[in-house]
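Here come two complexes built around subunit A, the first alongside subunit B, the second alongside subunit C.
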Partner chain A sequence: MFSFDLHKRKILTVFLLLLFMWSLFGVHWQEGVMHSSGIGTAMEIFAAMFTPDLSLDILYLAAESSWLTIAYATAGMSLALVLALIIGILASGVLASGKHSRSFMKGSFRGVLGFMRAIHELVWAWLFVASFGLSPYAAIFALAIPYGGILGRIFADMINDVPEEPIQALRAAGASRLQCLFYGYLPSVKNSMISYTMYRYECAIRSSAIMSFVGLGGLGYQIQLSLDDLQYNEVWTFLYFLIIIVVFIDGWSNMLRRRMAQ
Partner chain B sequence: MKKRKFTFLTFSFYAFLLLIVASWYFVIGVKNASLAELFSKENMAYATKFFKGLFGVGQEDVAFMNRDSWSHAFKLTIETLQMSIMAIGFSTIVMFLTVIPASRNVADGTMTLSRKWYRWIVFGLIRISYVFSRAIPELVWAMIVIFIFKPGILPGAIALALHNFGILGKLCAEVIEDTDSRPIRNLASAGAGRAQILMYGVFPTVLPQFLTYILYRWEVIMRTTIVVGFVGAGGLGQEFKLSMSFFHYTEITLLLICYLILVIIADYISEKSRFFVK
Partner chain C sequence: MSEQNIIEMNQISKNYERKIALSSLSFVVEKGELIALIGPSGAGKTTLLNLLATILKPDGGELIIDGQPIQQYSDQKKRAKKIGIIRQQFDLVGQLAVIHNVLAGRLADWGFFKSFLSLFIPQEKQAATLALERVGLPDKLFERTSNLSGGEQQRVALARLLMQKPEIVLADEPVASLDPARAEDILNMLTKLAKEEQQTVIASLHSVEYARKYFTRLIALKNGELFFDLPADQVTDKQLQELYQLKELN
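So, the complex of A and B:
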C-alpha cells in the first residue's frame, strides 16, 4: 500500500529535482553562453589570483577603503541593533498585558520587521540615494533597516522560546512586566543574541562592501573600478583584504562563542 | 580559567565599543555628514518628487496600471525564479561533491576507519575554497562572472552559486561532523565500500538537515537575485536598473511589487516544506 507519510521525503526530492531541470530550460544554451574570449578572460582572472598587486599605493588605497567599509558596517550595525532590540522586544509580545493586545502587538510589529527585511539592503541604498543624494547616512540607514529587521525577528523568536518557569517565578515574586524583561528574558537570551549579532556583523561587512555599487565608496567601489580597467591583479588585492576582514571577524566570533559557552 | 574568560569578553566588549565610537566619529567628524542636511528643503523636494514619481502621481503612462507591463514583469518574475532555482541547484551539486572530504571526521579517518595521507590536503584545499566563496559577496562574483558569460540568467545563477556553495558546504560539513559515527563505523567494519557507506550510512542521517539548510539558502538567494541583476545578470534586477537609469519610476514600483511577492512566496514555501521534511 502506498503510504504518503513514508514516501513524502522521496516525493519532495523528485519534485525539487524536476524544479531544477525546469529552471535549466530558462537558458538559451544553443546560442552559446560564453563571450567569444570568455575562457581566456577566465584564465587571466584565475592567474591574477596568485599575483595580486602589492604596490604601496594600492595597499594604502585598499587599507583606506577597508576602513570605510568597516566604519559603515559598524555604524549601520549599531543602529540596527538598537532598532532590533526595540522592535524585537515589542514584537515578542512579552510587554503586552492582555491576550488580545499581545496578539495584536505580535502581528503588527512582526509585519513591520517582515517589511524591513523583505527588501534587500542594496535596494534600500538605491532608494535612499535617489531621494537623499550621496550621503554616508544613505549607506548606514540602508544597512540598518534590513539588518534591524532580521535581527529583530530572531530576537523576538529567541525571547518567545525562553522557558516559562523562571518567568513565572519572577512574576510570583511580584515583578512587573518590565522587570520580567530585564531580569528574566534578556539575561537568558543574552548569549545567543550576541553570537547571532556577530554572525550578522560578518554579513554586514560584506553588504557594506557592495554598497559602493550605488556610489558610496569602500572596497566594492575599488573592485569595480579595477575591474573596469581590466586590472585583475588589483581586483585580487582588494578581494584579499575583504577575505581577511571576514575571516578575522569569523574567528573572533568563534572565540567569543567558545568563551561564552564555558 | 575563569579569569581569562572574563578578560577576553571584556576586551571584546571594549573593542566593539571603541569601534562603534570610531565609526560614528568617522562618519560625522571626518566625512562631515550631517543629519540636518539630509532633511534640508532641497532634499525634501527631491524626495517628494521621487516618491511622487514612484506612485505615479500626475503621470500619464503609469506602468502598474498597464496590462502589457504587468505581463512583461510576470515574465521577468518567472525568469528570476528560474535563476534562483538554478543557483541553489548548482551550489547543491558542488556542495554534495565536496562536503564529504571537507568534514573533519572524514579527514582524520574516525568516520570510515581508514586513514589516508592525502585526506588532510584535500580537506584544507576545499576549506580554503569555501572561505573564498563565502567571503566574496555575490555582487562582486557577478561583476567578475559577467566578464566571462553573456548577459542573461546563467551568469546570475553562477554568481549566486559561487557565493552560496561555500556557506552551504560549511554548514553541511558541520552536520556531518556532528553525526553519530558509530553506525557508520559499524558499516565500515562489516566491509562496506566507500559508496555503500555514503548511501546507507551518511546520507540517510544528514539529508533532512541538508534540506533545511538548502531551503534556507534558497530563501536568501531569492532575496539577492535582484542584486546580481544590477550588473546585467538578468531577471528583475536588470530591468530595475534600466528603469532607474531611464527614470521610469512607475516601472520601479511595479518591479518592487513583483519582487516582494516573490520574496513572500519563497518565505512561505521554505517555512512549509520544512515541516514536510520532518
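So, the complex of A and C:
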C-alpha cells in the first residue's frame, strides 16, 4: 500500500515537470519578456540603491514615518495577540469536557479564525478606511483581525500538539480543564508561542508599511509619494529604514529566544 | 474484614476488538499491600492498571475501590484523593519549575484562583519543600524540570504523589527508562514512602528480581489471565520460567 502511494507520487512529480516544460512554449520569447523601456527604469531604481537621499528633511520624514509604522504594527499586534490567545485556546478544544462539545468548539472557533485570516489585511484596511475614514484605528483593526486569525490558528495547533502524558498525569492528580491549561498546555507551548509571535511581529511591520499605501501614513505612504515623483533616492532611504526596523526586531526575537532556552 | 479490602476485582474482563486483553480476573487487595504485576509483554498489565485508574472501562465484571463501585469515582477530584498514578518519566511538565510540578499534586484541592496565583507566588511552599526533601531533592525547587535527569524527574513525580496523598498508588513501569542503580533507588523510595504513608501500591514491572526484592505480593498475568498470585517469598523459579516461556511450536 505504502510503496504504491510512493510510486504514484513519483508519477505526479514527472507529470508536473512535463507540464512546466510545456508551459515554456507559451512564452513569446522574441517579443521580449520585459517592456523595452522597463530595463532603463529598473537600472535607474537599482542605481539609486547606492545613493539614498540622506538630507535632513528626508531623514526626519523617514524617522517620523518609521515611528508611525512601528506604532501601527505594535498596537495591531497587541490586539491580535489578545484575540489569538482567547480564540486560539477556545479553538484548541482543550477546555471542552465531552467529545461532542469538543468537536463543536473546535469547529466553530476554527471557523471564526479562518474567516479572520481569509481576508487580507489590505482588504480589511480598505473596508475600515471606507467606514472609519483615515484614522489610526482603521490601520490597527486591519492588522489585528487577520493577524489574530493567523496567530490563533497556530496557537490552537501548538496546544493540540502538546504530548498527552503530562496532561493525563495532571488529570489523574485531580486537575480541572482550566487548571490543566495553566499547568500543562500553556507552559508547554509558551516558548514557541513567544517566538512565533515575534516572527509575526516582524511580518506586521512590513504589512503596516504596505498598508499605508491606502493613505494611512507611514513608510509605505512615503515610498509611494516618492515613487510617484520618480525620486528613487528617497525611496531607498525609506526602504533602508524599513530594513533596519526588521533587522532590529529579528535581533530582539533572537535575544528573547536565547534567554528562554536557558 | 471487607473494610480492610481496598480493591476488589470480580470477574473483570476487557476486550480490544476481537483480542481478549483480560478475561475474568478476580483478586482482592488489602490496605497497605505492596503488589508487583509481572508477566510477559502483552499479558494485560497496563490494561489492568488503566482499568484501576478509570482510564478504561471494563467490559464485564465489577470493580470495587474502598467499598464503592468504580463508577462512583467519575469525578476526577474525588478520584485523585483515592488513586494516584506514576508512569515513566514523561509524566511531568518539563517547562515548569520543579516546585509547580510538585504542587500540581494539590490541584484536586485547590480552586482555580489559588492554583493560578500559585504559578506566580507558590502556595504551600513549605509542604512542597518538605516533599522534595523526603525524595532527596531539597535544592532543586526552582530548577526547570526538563533540566533534571531521568531519575531526578521520577523523584519529582514521587514528591507530587506525596502532595496528592492518594490511598492507592498505581505505578506503570515506573523504572522502565532508568539504569539499574537509579531504578533500585526509585523503587526503594516508592515502597518506603508508601509504607510511611500507609498507601497501597500496585506496580507493573519487567524485572522479576526487583519485584521480589521490593514488593510483598506478586500477581502474574499471562495472556490476560491470572497465572499465579502469591506472596513474594513463595514464588519459585520454575513458576517464573513457565510465566515467561514462549509458546512452543507445534
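The criterion applied here is as follows: the second predicted complex is superposed on the first by the 228 of 262 C-alpha atoms of A that agree within 3 Å, B and C clash if a C-alpha of one lies under 4 Å from a C-alpha of the other, contacts with A are read in each partner's own complex, and residues count from 1 in each chain.
By definition in this document, contacts are C-beta pairs under 8 Å (C-beta built on N, C-alpha and C of every residue); 3 or more make two chains touch, one makes a residue touch a chain.
Since the model is a prediction, treat every value here as computed from it, not as a measurement.
Counted by residues of subunit A touched, the larger count belongs to B, out of subunit B and subunit C. Once the two complexes are overlaid on the shared chain, A:G220 sits against subunit B while remaining clear of subunit C.
When the shared chain is aligned, subunit B comes close enough to touch A:G26, but subunit C does not. Using the contact criterion defined above for the overlaid structures, shared-chain residue A:I243 touches subunit B, although it does not reach subunit C. Once the two complexes are laid over each other on the shared chain, residue contacts for A:P166 go to subunit C alone; subunit B is not touched. Touch criterion met: A:Q179 reaches subunit C, while subunit B stays clear of it. By the touch criterion defined above, A:P187 reaches subunit C but does not reach subunit B. According to the touch criterion, subunit A has no shared surface contacted by subunit B in one complex and subunit C in the other. By the touch criterion given at the top, residues 53, 55, 76-77, 79-81, 83-85, 87-88, 90-96, 100, 104-105, 107-110, 112, 115-116, 119, 157, 160, 164 of subunit C touch subunit A in their complex.
For subunit B in complex with subunit A, the residues that touch the partner chain are 1, 5, 8-9, 12, 19-20, 22-24, 26-27, 31, 33, 35, 37-38, 43, 46-47, 50-51, 78-79, 81-83, 85-86, 89, 131-132, 134-137, 139-140, 143-144, 147-150, 152-154, 157, 207-208, 211, 223-224, 226-227, 230-231, 240, 244, 256, 259-260, 263-264, 273, 276-277. Listed in rising order, the residues of subunit A touching subunit C in the complex are 163, 165-166, 168-176, 178-179, 182-184, 187-188, 190-191.
Within the complex formed with subunit B, the residues of subunit A that make contact are 8-9, 12, 19-20, 22-28, 31-35, 38-39, 41-42, 45, 67, 70-72, 74-75, 78, 118-120, 122-123, 126, 130-133, 135-137, 140, 206-207, 209-210, 213, 220, 223-224, 227, 235, 239, 242-243, 246-247, 252, 255-256, 259-260, 262.
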